[in-house]
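The following blocks contain the structures, represented as structure tokens.
Shared chain: chain A. Partners: chain B in the first complex, chain C in the second.
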Partner chain A sequence: MSRINRARIVDGDDTTAASLNDRFDDFSQAGALDVFNLRDSAVDLPQIAKTGFQASFMQVDTLGKSDLLHSAPVTASANGLSPPATPHVLQDGAANPTFATYTGGLSVGAFDVFRVYWSLSVAAELTGTPWNGGFQFNEVTGTGAGGHLHVSTSAGCFVAWLQWDITDATLTHWTEVPGQSDFEDVIAGYYGAELADCGATTVIPLWSYWLRNLNNGDASAGTTEETNAAGWRGISGAWHYTGSSVTVYGLRVVLRGVMHPRRASAGAANALVNDTAVAGGVSLQYTGGRLVTFVHKVS
Partner chain B sequence: MKHWTQREVRTGGTVSPESVQAEMTSSQGSIATLDRSQLPAACIDETRLKLYATHRMYSDATLNTTGEQTAVDDATTPLNNWKAFTYQEYSSGWTTVATATLTGFKGGSLFLEWSGNAYVYPVGTQVLLANVECVPRYVRLRVLVAGRVLVECLGPSQHEAFRVFGTGIFEQGDLPVLFQVRLTDTTYDDIVEEHTTADPLMQAHVYSMRYLALGRWR
Partner chain C sequence: MAYTKPNTFADGTTLVAADVQGNVDALRVYLHNNVVQADLLASKWVDTRHIQPPTFEAIGGLQHGVTGYQGGQWSGALVNLQFVTSYLNGAGRNSSTSEWRRVPNTSFELDLRRNAKILLHWSVEMEGGPDDVPQVSGRTPAIADRYAYVAPYIGTLDAAGRSPLDAQEIKNNADGFRSSPPYGPSRPYTVCNGYGRRTGVLAAERNAGTKTPVGLCFWSQIDRSSVVNWSVALEVWYL
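Moving on, here comes the complex of A and B:
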């Protein structure tokens, strides 16, 4: 760690303009200021040049459809196909995709952090009993056939994740951001992603299932099933990128469901995979939200 | 611009040894240690700063390499469950699910956010016995920095995303950070195993974990 070292003025020294200027020159030379020179309260805000300092860029964009009363929300259907259909891109209700664009491209340097925060208002729309379909349940002791009952895990969800275009301003080269899968990896015959590849994923709950009067771990007579669809709520995502320099032209949020926990075998990695069997009974409604991006200096 | 004149010398004034000494001491202190009152406006820009001179950002986009907690990952759960917290292996209390070190923290303001996804099994929230009736299930979240609680919250009660953040003033040094969770404890009536195989059922999990911290000390 460097310091500005100049001998202290001692008794008998002449105080001249030159010696004083030398100290200012020390202080203003390129790359001279470190945590020791620039100690606590060493400078005031007016002494900090404002351009490019700490947070050099911020932008806010609108996602989805502005509809505060949820009177006519946008609907994203669950996927029932294998291989899955392309993910749903958030739109404004008139089939126009909504995303962030950066004029001329947003440069993110090696010593920058690209910070992303987004929000959306969502609700699950359910028909039938999707919580007991596909592989959405555990079998527990109870009053069902064979003395057991299908008890939903309540883990069924939609997933939302980030895509960016770092190729050019035509915005035709959307790819998943680093650390994020497209949920189209094949895992034990299902399409999905290992949890290790869900770095920019926000899961969206669809329902809560519980048993009233559950008795000694046994869903027997007297126990009643209760289910609530996940009603209107705000969801959010947070993600950041550091590393190699990149120029970002666009950023967007996409959706897919219904996903559920799965492993290929007892020792295999945890994953979220598409449970197509319940697609007919589930959709996700959404209205509006915001996408906020920062470029922040690492130091 | 700072003035280091302690005393204005005027005609007819009395000059004492103390006043001369004070003037000299003030002058020495001011010149030897430039402070903010002596610096011109807009003199601090990026070209004059070494790394971390005014602030430092710390981040990890995938805590624990995979973003998942592995502190309790019972592998004997059914295949439509995860290797995760089960009541057979979770021993109650706060459990550290990830760690980080804020190296070279200069001392000053710290902002830290922790985000990810969490799952909790809600099936046993309303059990039979009156004394344990209605036990909402949460994945409580807590962040410790240098042994002190930066932020603590009730946390998710469904399969959902979370983001918690806090700020505080911390001392200089390499600050250890612990990311912790605490489940709602099991009750007498909970469903803890599968019917035919008696496999443990997952009760909670935390994944997609990442953190970002900003220390500011200018």
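Moving on, here comes the complex of A and C:
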């Protein structure tokens, strides 16, 4: 087998069908893959000087406020308005939003995957009895001395989700990333999102509730309610994008609460909707975390 | 099968860019996926010196020298616990910036063949406490304010390799032990109270030619917390 070494086409050359066909038929010959045509032109780590063409981009940004011991955390209030107020953008404790920006825009090609990982430390701050308000509880019918009882579902939560700006570097056109709702879809009269539209959402539980001394499922006189606000803990989220080419100028995490599972009607899709009735008794505190952006080729 | 161009050109017909590109794309697919033995020259034409030899580390579960996913491990279940404890951090009273220790068995050593982008995916599932040792002012936090922090590291455990921004907390099961039946922790280990799974990703760039330790470390204010499950998965991108 000969070495495939065909000269490039230059001005003045005739481009004929035969010459064009030959350029491809070169590789149809038996044994074409040999020392000249494959080994010496093959690619392995020692032969490649260039870096960054496979994993083209990686960036790490700070979210929130660096405060490991929670000495002065940032607070995100729950929403009490319908339609809801704009979501809370993570900030550094001095009212400066924290998010990722990409100088000149980050180009994500059709054969790239745009991967996002983030983390944050959070804790619930409760006043009063929010687990016993809005639609945060089920009523359990008892026959004992305790009578009926409101048993919290412990499903009240904040949600955190991703927004990006793919318009320009002014960072004034934030939108939800693909697969993610803004949690302002109307579902049975409440504002929220069906679970299928929560592709970039992290759910943050707020409290746990249990009963002590429950007598065979009956709330008797000795039954006591116990509730514990969710203490400090790390949360995280992950999301990726592939598809049409896009230029990303900014990426951020936003918060809203208090949400609770609900659906429009029997058989309808499950959803998370905003329970505004308990907003006064709930807020979410947070400190710091990371936002990692990574781009690499998949084809 | 050998490469066969999908489009053949003929004199007198319009040359369409899509046909040329189609042939190029087919060649790319062929070279990436469809080369068979008959297409290769029968006599020997590649020696080991032409290929960078990766190394597989069976115990560590890593394949060094490849670009992309290199491997990782997980361990766990209630019969195979690891523990982290404030007793290794000066009873939790010393500086949270310097008293970090490795979580047992979660460290790996990366053999970096060239400058690399590293992604360390990690998770732990822990029970914190209950630690109801009375508070000593200036030495230990209040019982309800004790946490065990877990953070990933690349390189060293100091600020160069580990950041408090990557640390995630597990709360002490705050009320300690009950003194009357039913005995045991006063509060149940729920997701909000002393028990939880934490996951994260640490990203960093490091230079070639170094044996780089990576893994999980902790700083704890709780006398002991059990690591029920943990996992580490590593991506090292050279190109």
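The rule we apply is simple: the second predicted complex is superposed on the first by the 240 of 299 C-alpha atoms of A that agree within 3 Å, B and C clash if a C-alpha of one lies under 4 Å from a C-alpha of the other, contacts with A are read in each partner's own complex, and residues count from 1 in each chain.
As a working rule, a contact is a pair of C-beta atoms (placed from the backbone, for glycine too) under 8 Å apart; a residue touches a chain by one contact, two chains touch by 3 or more.
Computed from a predicted model, the values in this text were never measured in an experiment.
J.: Between chain B (first) and chain C (second), which does A:54 come into contact with in this model arrangement: first, second, both, or neither?
T.: both
J.: Looking at A:75, would you say it contacts chain B, chain C, both, or neither? Reply first, second, both or neither.
T.: Neither: A:75 stays clear of chain B and chain C.
J.: Would you check which partner chain A:289 touches, where first means chain B only, second means chain C only, and both and neither mean what they say?
T.: In the superposition, A:289 contacts chain C only.
J.: What's your read, chain B or chain C touching more residues of chain A?
T.: Between chain B and chain C, B touches the greater number of residues in chain A.
J.: Taking the superposition on A as described, I'd like to know which of chain B and chain C A:208 touches: first, second, both or neither.
T.: After superposing on A, A:208 lies in contact with both chain B and chain C.
J.: Per the contact definition in the header, classify A:262: touching chain B only (first), chain C only (second), both, or neither.
T.: The first partner, chain B, only.
J.: On the A-aligned overlay, A:119 touches which partner chain: chain B = first, chain C = second, or both, or neither?
T.: In the superposition, A:119 touches chain C alone.
J.: Touching A:25, do we find chain B (first), chain C (second), both, or neither?
T.: second
J.: Give one of first, second, both or neither to describe whether A:62 is in contact with chain B, with chain C, with both, or with none.
T.: second
J.: Could you tell me if A:230 is touching chain B, chain C, both of them or neither one (first, second, both, neither)?
T.: A:230 contacts both chain B and chain C.
J.: Just which bits of chain A does chain B share with chain C as contact spots?
T.: Common interface on chain A, chain B vs chain C: 1, 15, 20, 24, 27-28, 30-35, 38, 42, 44, 46, 48, 50-54, 205, 208, 210, 226, 230, 235-236, 238, 296.
J.: Which stretch or stretches of chain C touch chain A in the complex?
T.: Residues of chain C touching chain A: 2-5, 8-11, 13, 15, 20, 23, 27, 30, 35, 38-42, 45-46, 50-52, 65, 67-68, 96, 113-115, 117, 119, 144, 147, 149, 163-171, 174, 187-188, 190-193, 196, 198-205, 237-239.
J.: Could you list, by residue number, the parts of chain A that touch chain C in their complex?
T.: Going through chain A, the ones touching chain C are 1, 15-18, 20-21, 24-25, 27-28, 30-35, 38-39, 42, 44-46, 48, 50-55, 58, 60, 62-63, 66, 68-69, 117, 119, 121, 124, 205-208, 210, 226, 228-236, 238, 288-290, 292, 294, 296.
J.: Can you check the complex and tell me which residues of chain A touch chain B?
T.: Residues of chain A touching chain B: 1-2, 8-11, 15, 19-20, 23-24, 27-35, 37-38, 40-44, 46-54, 111, 113, 115, 135-136, 138-142, 147-149, 151-157, 178-179, 188, 194-196, 198-205, 208-217, 219, 222, 226, 230, 235-242, 260-267, 269-270, 296-299.
J.: Going by the contact rule set out above, which residues of chain B touch chain A in the complex?
T.: 24, 27-28, 31-32, 34-36, 39-57, 59, 61-62, 65-68, 75-76, 78-84, 106-108, 113, 115, 117, 119, 121-128, 158-161, 163, 188-196, 201-202, 205, 207-208, 210, 212, 214, 217-218
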